[in-house]
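Chain lettering (A, B and C) follows the sequence in which the chains are written, and residue indices restart at 1 in each chain.
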Amino acid sequence: MIELKNVCKSFKVSKRNAGFKNAVRALFKREYEIVHALRDVSFSIGDGEMVGYIGPNGAGKSSTIKIMSGILTPDSGECVVNGRVPWRDRAEYVREIGVVFGQRSQLWWDVPVIDSFELIKDIYRVDRVTYRKNLDELTERLALSEILRTPVRQLSLGQRMRCEIAASLLYDPKILFLDEPTIGLDAVSKLAVRDFIKERHREHGTTVILTTHDMQDIEALTERVILIGKGRILSDGSFEDLLKKGKSGGTVEQTVAALYEELDI
Amino acid sequence: MKKYISFFRIRFVAGLQYRAAAWAGVSTQFVWGFLSILLFRAFYETSPGSFPMEFSQLSGYLWLQQAFLGMFMAWFLDPEILESVTSGAIAYELCRPVNIYGMWFTKNVAIRLSRTVLRCLPILLVAAFLPSPYGLSAPAGVLSFVLFVVSMFLGTAVLTAFSMLIYVSSFHTVSSMGIRTLAVSAVEFFSGALIPIPFFPDAMKTVLNLLPFASIQSTPFLIYVGYIPPSEGIARIALQLGWFAVLSAVGVLWMRRSLRRVVVQGG
Amino acid sequence: MNLYFKYLGILFKSRMQYKASFFMQSLGHFIIAFTGFAGMYFLFDRFHAVRGYTFQNVLLCFSVVTFAFSIAECFVRGFDSFPSLIRSGELDRILIRPRSVVFQVLTSRMEFTRVGRFLTATVVFIWAIPRCGVDWTFGKVAILLLMILGGVAVFSALFMIYAGFSFFTVEGLEFMNIFTDGTKEFGRYPLSIYGKELLLFYTFLIPIAPFQYYPFLYLIGHSDRVWYGLLPLAGALFLIPAYAFFRFGLKRYVSTGS
């Protein structure tokens, strides 16, 4: 169970103007701007749900994910996940979550994948038997057997993403955060990743929160979609309902783009 | 020429942006200069007769060194250039209608200048007001000052021409990091960045003065403080000019050959 | 501890993927440290002594500081290159793993090429040991080891403070060089040669003298206070405020995300 209540978060960003004169001026005086990344965000996600979290760039998606994974504390509001506040008892809490950042790797670049897996097993104190079982299952489902002995730097992006996902599931987390897991993948890899997430969700009842810009991910995976724009939750419900709000006609992508424009986010 | 000026401008403004870095740099270099002077004072007070120059000349040298650190630090190499060579992005540069040697050269000088312009003034100013013999005194004479300015430009040119050789060498090695470390520590040592050349043993001094490394910072600073009198300064400047001609000629030719190889082998 | 060695194994394995570069860089660090030694050699060739310390005396300081610095640079590299840990997002990954942050930062990077600097210190040390005028006894060897360990602790603390600052400013970090690189450079000489004020500063504010100067005085027989030999332990206490400062910065990072 994930519950966010009235979560607010703002950042101070320094302003910089172009040009030589401004560069010199900035040496002595710097101007700041307050950016409200999250304004009064509330939602709750039940156990075993699969939820898509969408919005344009800079809407506040990754701030929310960071708060839910304990990397960031909100200015105000509450966030309780499985009865715990993420940024307190950090070490206890993070054992229950898996996080995949599509743009970053958690694997050790120059050594074979299996070495990274073994290390993750030790970091999370997974016992031999459970590890073996999980590894076998993930290897089979994600078709990793061919690539486990390959150094990460030699993997294709699709192969690497499969390994990243496996790495986040080796210790049976109850909640899985996926931050743009299909970014940059080719069609085949995308389908493989989607199928796997679906299966995992069905068989293990893992709660999945997925952020993406790929509407086909959303269409294929989630029943429920939360839309965020300029730091506010704008809609929360089924994807069909969301699409109905926009102008009909055209592809899903066009509908969502039109919706973003209409909402001015 | 115009395109070089705009390269220069872009780099220069980018370098100016780092305000906190500039202040931090100034205070670091100031403290560093101060500690160096204290170190040499310890040697001076132990055995004044063995000191190869006036103590005030040494102080002047050390302050100039700190003030113009950004100009003459050999270890500063442009990461963008190194990256473009190792990643093969150099291929894009080849598509532009400019001479790569000229562009890189300009870029390097611009970065060094932008790092120095802001930092040198506060250091020079404070050092000028420190009590003698610990401060920076006025140049040894008008002629010395003129020669110093000319020699500073040539010193920058020699160092940049040398850096270009390091960049080009990274076309030919899998890991250029090692060569870079070696080249840089050689420059630091032989150019008088660690200890001024007058403090080396006499036999070594003669050799060091002829090597290109002395042309970098040692020559201009020693002219300023009057350790090298103007009469000799002119000969040293001619030597700087000679080394610049040699190093840049080698650099241009080597680069041309290396680029041809890149084009042929596809990076 | 077991996990630490596993990390070490992975990092070493990664590093050995690029053997040529590893050896070249180690050689580079050997040369850099060696030019530092050569500079000292030339100075002493001219002046013979500095404020009553002979070259061989001073080499003891040189070796202790160089040993300590190279060890700290190798194993505490994660703190020393902390800004890159923040920039690359590795810190976020660290925060979502169920182990202590300090442990994970320590195991995120190790710079094995510093073996070059270590080698310089070893060579100088072996040369200086029989010549530095110390009557080596078991106790004195223990003090020497304590000096090196104390130095590692103080340098580690300095790197930790550096990391703490990088939560607040990235550009302004250069100032910390005066304490890290500065100590490595100027700490080659007994700290008293810079004057009394600096010695006090380096005794009480940044505790370099407790591992570098006072025990050194005892070793070379300039002082007969045996307890000077235990001062490196006091210097190591510097780790406590350094750690507190790092925690303070980390707390801010978690609340601002920048």
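Just so it is clear, contacts are C-beta pairs under 8 Å (C-beta built on N, C-alpha and C of every residue); 3 or more make two chains touch, one makes a residue touch a chain.
Keep in mind the model is a prediction, meaning the values are calculated, not measured.
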Chain of greatest Cα-centre distance to chain C: A
Chain nearest the global centroid, as defined over all protein CA atoms shown: C
Whole-Å separation of chain centres (CA-atom averages), chain B against chain C: 28
Whole-Å gap between the CA centroids of chain A and chain B: 48
Chain centre separation (chain A, chain C; CA means) in Å: 40
Chain B, residues touching no fewer than two other chains: 19
Chain A partner contacts - residues on chain C that touch it in the complex: 2-3, 6-7, 10, 13-15, 17, 88-89, 92-93, 95-100, 254-258
Residues of chain C defined as touching chain B within the complex: 18, 20-21, 23-25, 27-29, 31-32, 35-36, 38-39, 42-43, 45-52, 169, 171-175, 177-178, 182, 186, 189, 193-195, 198
Contact set on chain B toward chain C in their complex: 18-21, 23-25, 27-28, 31-32, 35, 38-39, 42-43, 45-47, 50, 52, 174-175, 177-182, 185-186, 188-189, 194-195, 199-201, 204
Residues of chain A defined as touching chain C within the complex: 11-12, 63, 66, 69-73, 87, 90-92, 94-95, 97, 99, 101, 104, 106, 108-111, 115-116, 118-119, 122-125, 151
